[in-house]
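Letters A, B, C and D mark the chains in the order given here, with residues in each chain numbered from 1 onward.
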Amino acid sequence: MMIVVMRKDATLKQIGSVIKTIEELGFRPHMSEGEEKTIIGVIGDERKVSKDALAVLPGVESVVPILKPFKLASREFKPDKTVVKLNGAEIGGERISVIAGPCAIETYDQVLEAAKSAKRAGAQILRGGAFKPRTSPYSFQGLGEEGLKILKSVGEKVGLPVITEVMTPELADLIADYVDILQVGARNMQNFALLEKVGKISKPILLKRGMMSTIEELLMSAEYIMANGNRNVILCERGIRTFEKYTRNTLDMSAVPVIQKLSHLPVIVDPSHATGERYMIAPLSFGAIASGADGLMIEIHPDPDKALCDGYQSLPLPQFEEMMAQLAAVAASVNRKI
Amino acid sequence: MMIVVMRKDATLKQIGSVIKTIEELGFRPHMSEGEEKTIIGVIGDERKVSKDALAVLPGVESVVPILKPFKLASREFKPDKTVVKLNGAEIGGERISVIAGPCAIETYDQVLEAAKSAKRAGAQILRGGAFKPRTSPYSFQGLGEEGLKILKSVGEKVGLPVITEVMTPELADLIADYVDILQVGARNMQNFALLEKVGKISKPILLKRGMMSTIEELLMSAEYIMANGNRNVILCERGIRTFEKYTRNTLDMSAVPVIQKLSHLPVIVDPSHATGERYMIAPLSFGAIASGADGLMIEIHPDPDKALCDGYQSLPLPQFEEMMAQLAAVAASVNRKI
Amino acid sequence: MMIVVMRKDATLKQIGSVIKTIEELGFRPHMSEGEEKTIIGVIGDERKVSKDALAVLPGVESVVPILKPFKLASREFKPDKTVVKLNGAEIGGERISVIAGPCAIETYDQVLEAAKSAKRAGAQILRGGAFKPRTSPYSFQGLGEEGLKILKSVGEKVGLPVITEVMTPELADLIADYVDILQVGARNMQNFALLEKVGKISKPILLKRGMMSTIEELLMSAEYIMANGNRNVILCERGIRTFEKYTRNTLDMSAVPVIQKLSHLPVIVDPSHATGERYMIAPLSFGAIASGADGLMIEIHPDPDKALCDGYQSLPLPQFEEMMAQLAAVAASVNRKI
Amino acid sequence: MMIVVMRKDATLKQIGSVIKTIEELGFRPHMSEGEEKTIIGVIGDERKVSKDALAVLPGVESVVPILKPFKLASREFKPDKTVVKLNGAEIGGERISVIAGPCAIETYDQVLEAAKSAKRAGAQILRGGAFKPRTSPYSFQGLGEEGLKILKSVGEKVGLPVITEVMTPELADLIADYVDILQVGARNMQNFALLEKVGKISKPILLKRGMMSTIEELLMSAEYIMANGNRNVILCERGIRTFEKYTRNTLDMSAVPVIQKLSHLPVIVDPSHATGERYMIAPLSFGAIASGADGLMIEIHPDPDKALCDGYQSLPLPQFEEMMAQLAAVAASVNRKI
């Protein structure tokens, strides 16, 4: 259902013409005359028509959609929470899932050291970047397939499922051969060709919110993946762009309860990218779990001062392990476990 | 009129309870059953009731207002454009009004020199700050009443009406004795005590958009002034806060056509404060006039490098005069004059 | 210290002129020639000079401040955390402080009922609005002094210190007679006349962040109050304005660790105003405390469906009491108490 | 050159360690001791090192970059303005370039009618979408290659070069066979795989600013294309995301003078997408040209009420032709022609 609001000075002929158009589009019109304005309800499934078709008619002031534009991703469609199952881990259930690892895969030893720490501390999934999106063409772009091999091999050795980012449709199948979850990064949240491609892959997808995207658009992008057949989507809040300058982005913590209400998909938080500063990771991780997030994504590094990428925001391993110990207490206080 | 959207799972009892409440509030309900959801129109003047009274009822998903929240400031209330008349100038008519002068009043000679240049170049109104809002308690705070005396005296000497900012209700009457227009600054756009006070003064008010305010809120603040009796309100776009870093604020040029459509009040643009950089003032002044603005507010200074305030964004007098010559051509191209 | 970056094509004469100006302003210059550009350090306390004085000189590309613009509010000035002490409560210590009460004071019984619930649940301070800032001149504006009397009387009866908002300097002394803490609201965060006035009052001030103010500006406004003599300032994050539409504002949770790092002043979070929706208050309250906030400010109402103001975002008393029980567990998990 | 700001309490050992690291990275350090803080200049081309390498060292408060991160796109690298030459048109010269056409290619007749109107009115380039990025998987996705054929054929018939959007690297070569300019859309501004691919194509690229990207990031994305070999890049401002609700996005008009100052690349403005409302297109087009833009991109349609896409913001042909007549006068007022 949509609502068409007529202008105060709309003529009867204009109102009649709107009603006729509604009927031609296959909907049923429903008029209400107010003291100042007439409004017309459009009865039917509005997702099947663009609101523009009515908004452009003479005498129309505005068109207000009533239905949400996403469906498969909505709680109304599937009231029970989705639990994404992996080889040896799950996201969206009673346990909190922590995804940890280095920003970029540099060497086997670096990944192994981080992975052992992650495992020891209770993280469930190992992350590492092989193909890196960089705003500057002059920055380090990642090891490519060589990195995928390292990641897979380390994951098997320590017994953790692995995740990496896919940036372009043609690499999706290759990457899916190496990892347990594919990540669609914030800059690609509306790369529709990529969303369609990963929608046809049989592995779970972690979809990061674009730093310029609304929660509704995040859910629409999840809908793209789901409409192509893949129902195992995990959402990730990683900060949005605002005028505030002390943080790289503004972590939108309220996205957690909003998504939990509107959608059945699990939602995790990435405090490393949101803030860009190491000292905020522990407090905001505690805050995310207490706010109801299903998990966290955290950058860790055996020697952050020498990291090729994002060292500034990576936690050293001892700090990470200390944080995880306290995180268990926070999780327990909101009836979750690690 | 408002629209109450019921949740998909709302019970008949909940719908009945909403209808009863609407009637108790003195409105008429109007039901439309859609395929997925029921919506109920609330017929009457919604400005008389808070939407919260309905939004909190069980089974209600959301409440959508249809009427605009401002009235006296709207084009629907007064279709003809308001022309604010001053001693020797007018704002909102065929002529473009340029308000020029220094950020802060420093000395009689400084203001006089700026005023002569303004007059020579075709500006119609002289500005100058006597009481300065400063984000730091350690910055220069203005000359106070001494500054008002200088401004009035220079205005009379060169034959230009004058404008200055009022920051607090208790100074409004004093300031009104000295100037032809009172300015309410961006940081005070929602200082409601101040809006009420200037609403009771008989001089025109220039109301600047807060850098964090929507156009609707700007119009609501104009409504505050008008509801207190003062109908001579001039609106001023001066940039809003965004994530962009190359400019101090982002000049929202589309506010010009939006305000011209929604309201009968004149609207001017302040490119000096919006951008904070001298080199952008001329191009954006031309852009503002071509976009339909009724005028401009520009900071000029005889010796910007020694200004006590905002020298960085003030135009030197020769540059200002050169710009004004070209501005006349731009104005003519959109059928306006200086 | 400031850094002056010269343009790539700056002449030696221009560089010399910048150095001369730096010396005239009472600072020491310090040159570094880079491969592409020359930069000049300005040694001394930059808070004593505007960067504009240098930015306008020919050949200067930009001026970069190095010192933070606030001083009294900074951790560098006072490394130990400030604990604001009240009659029977404190903010900033080991205990979490919860401020609860209705948006607007309506009747003695309404406030009493809310206050009893607040006390029972472990809140330490009672809030209630007597003078209300409303964006519309047609909305309920509060009971005024009659409301203050009710608030004081109820506070004494149940044994809770009380807080209310002050909107204009001339009412500050009157309000200070009735309450234990004065609140400066988000819309008045840069009402400098008001900041100066409350800086001269001997009661603590709760300063809310403007919804489009940076954290630095919040700290500058605290500096205004402190520079006028009042060192008992409590900061409050209440959401900032972004493009996201599912929440009224975006709660900037990272402001908590940022402020804890930069300043010694206590910081609390107001999830009611930040989100505007009742269902998010509990999760975000837990999140705020887990992120390190010193307290919360929450709107509660005995009968939210009939509230004259903000009923939509007010918690019913039983929900509030239930939330407080779980909050104690969350606080304990980060080594705090209620 | 970069500036490293040390914390107030940094030890001599920490300062020494920073200096050593700077030298190890191949730069020269340059110390300045201020009254409160020590800062260290890093002399060399900072684009060759990440600032993180220094920011993570103990005792470092912050690292301030001084060089701009883009090079090939900068005015410093190429002071003369770039004029992009096409078969029968050019962008960036004295003439204003108007790109006009329908949002989506629907039929040969629809495109032909729009193209004839564009030609008649003085537009120089014909646009039309064949592959459409849509936020909803349920919306019309474009005609694909069939659309490209129509566009090319109509362009040849009326004698206008043509432009269409490319959304994914693997389609770039195909699309380049049909059109004269390839457009990279706002949602793909940081699709780095796509930027690299179009950097290797020999046709000009129109790069639209992401709706939440900074101007610096836009220039960095242009740098990506240029670093891959393609120097014919046209930049396009199309509105950024802010809190304002009366417009779909906020057209950032100041991007025009900023880009003209920082870069030699031509810059055009798209008022159709920026505002999403037909009534604002003419005033903001005049404003853009008066502000110094090199051209415009405008959606037009023979029958906007029946458009499959964006009808709401498309100009009907007679309105477009009328607007173009006045645009010539505006262009002349700032010494440009159509």
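A few remarks follow.
Note that in this section contacts are C-beta pairs under 8 Å (C-beta built on N, C-alpha and C of every residue); 3 or more make two chains touch, one makes a residue touch a chain.
What you are looking at is a predicted structure, and each value in this text was computed from that prediction instead of being measured.
The chain with its C-alpha centre at the largest distance from the centre of subunit D is C. Looking at B-D and C-D, the interface holding more C-beta pairs in contact is that of B-D. Subunit B and subunit D, compared by their mean Cα positions, are separated by 31 Å.
Taking each chain's centre as the average of its CA atoms, subunit A and subunit D sit 26 Å apart. Distance from the subunit C centre to the subunit D centre is 38 Å, each centre being the mean of its Cα atoms.
Chain contacts: subunit D has residues 212, 241-243 touching two or more partner chains.
Of all the residues in subunit D, the ones that touch subunit A in their complex are 47-48, 50-53, 55-57, 69, 133-139, 167-170, 187-188, 190-194, 196, 210-213, 217, 220-221, 223-224, 227-228, 241, 278, 304-312. By the touch criterion stated above, subunit B contacts subunit A in their complex at residues 1, 3, 5, 8, 30, 32-37, 39, 41, 43-45, 64, 66-67, 76, 241-243.
Looking at the complex, you find that subunit C touches subunit A at residues 212, 214-216, 240, 242-247, 250-258, 260-262, 274-275, 279-280, 283-284, 286-292, 326, 329-330, 332-334.
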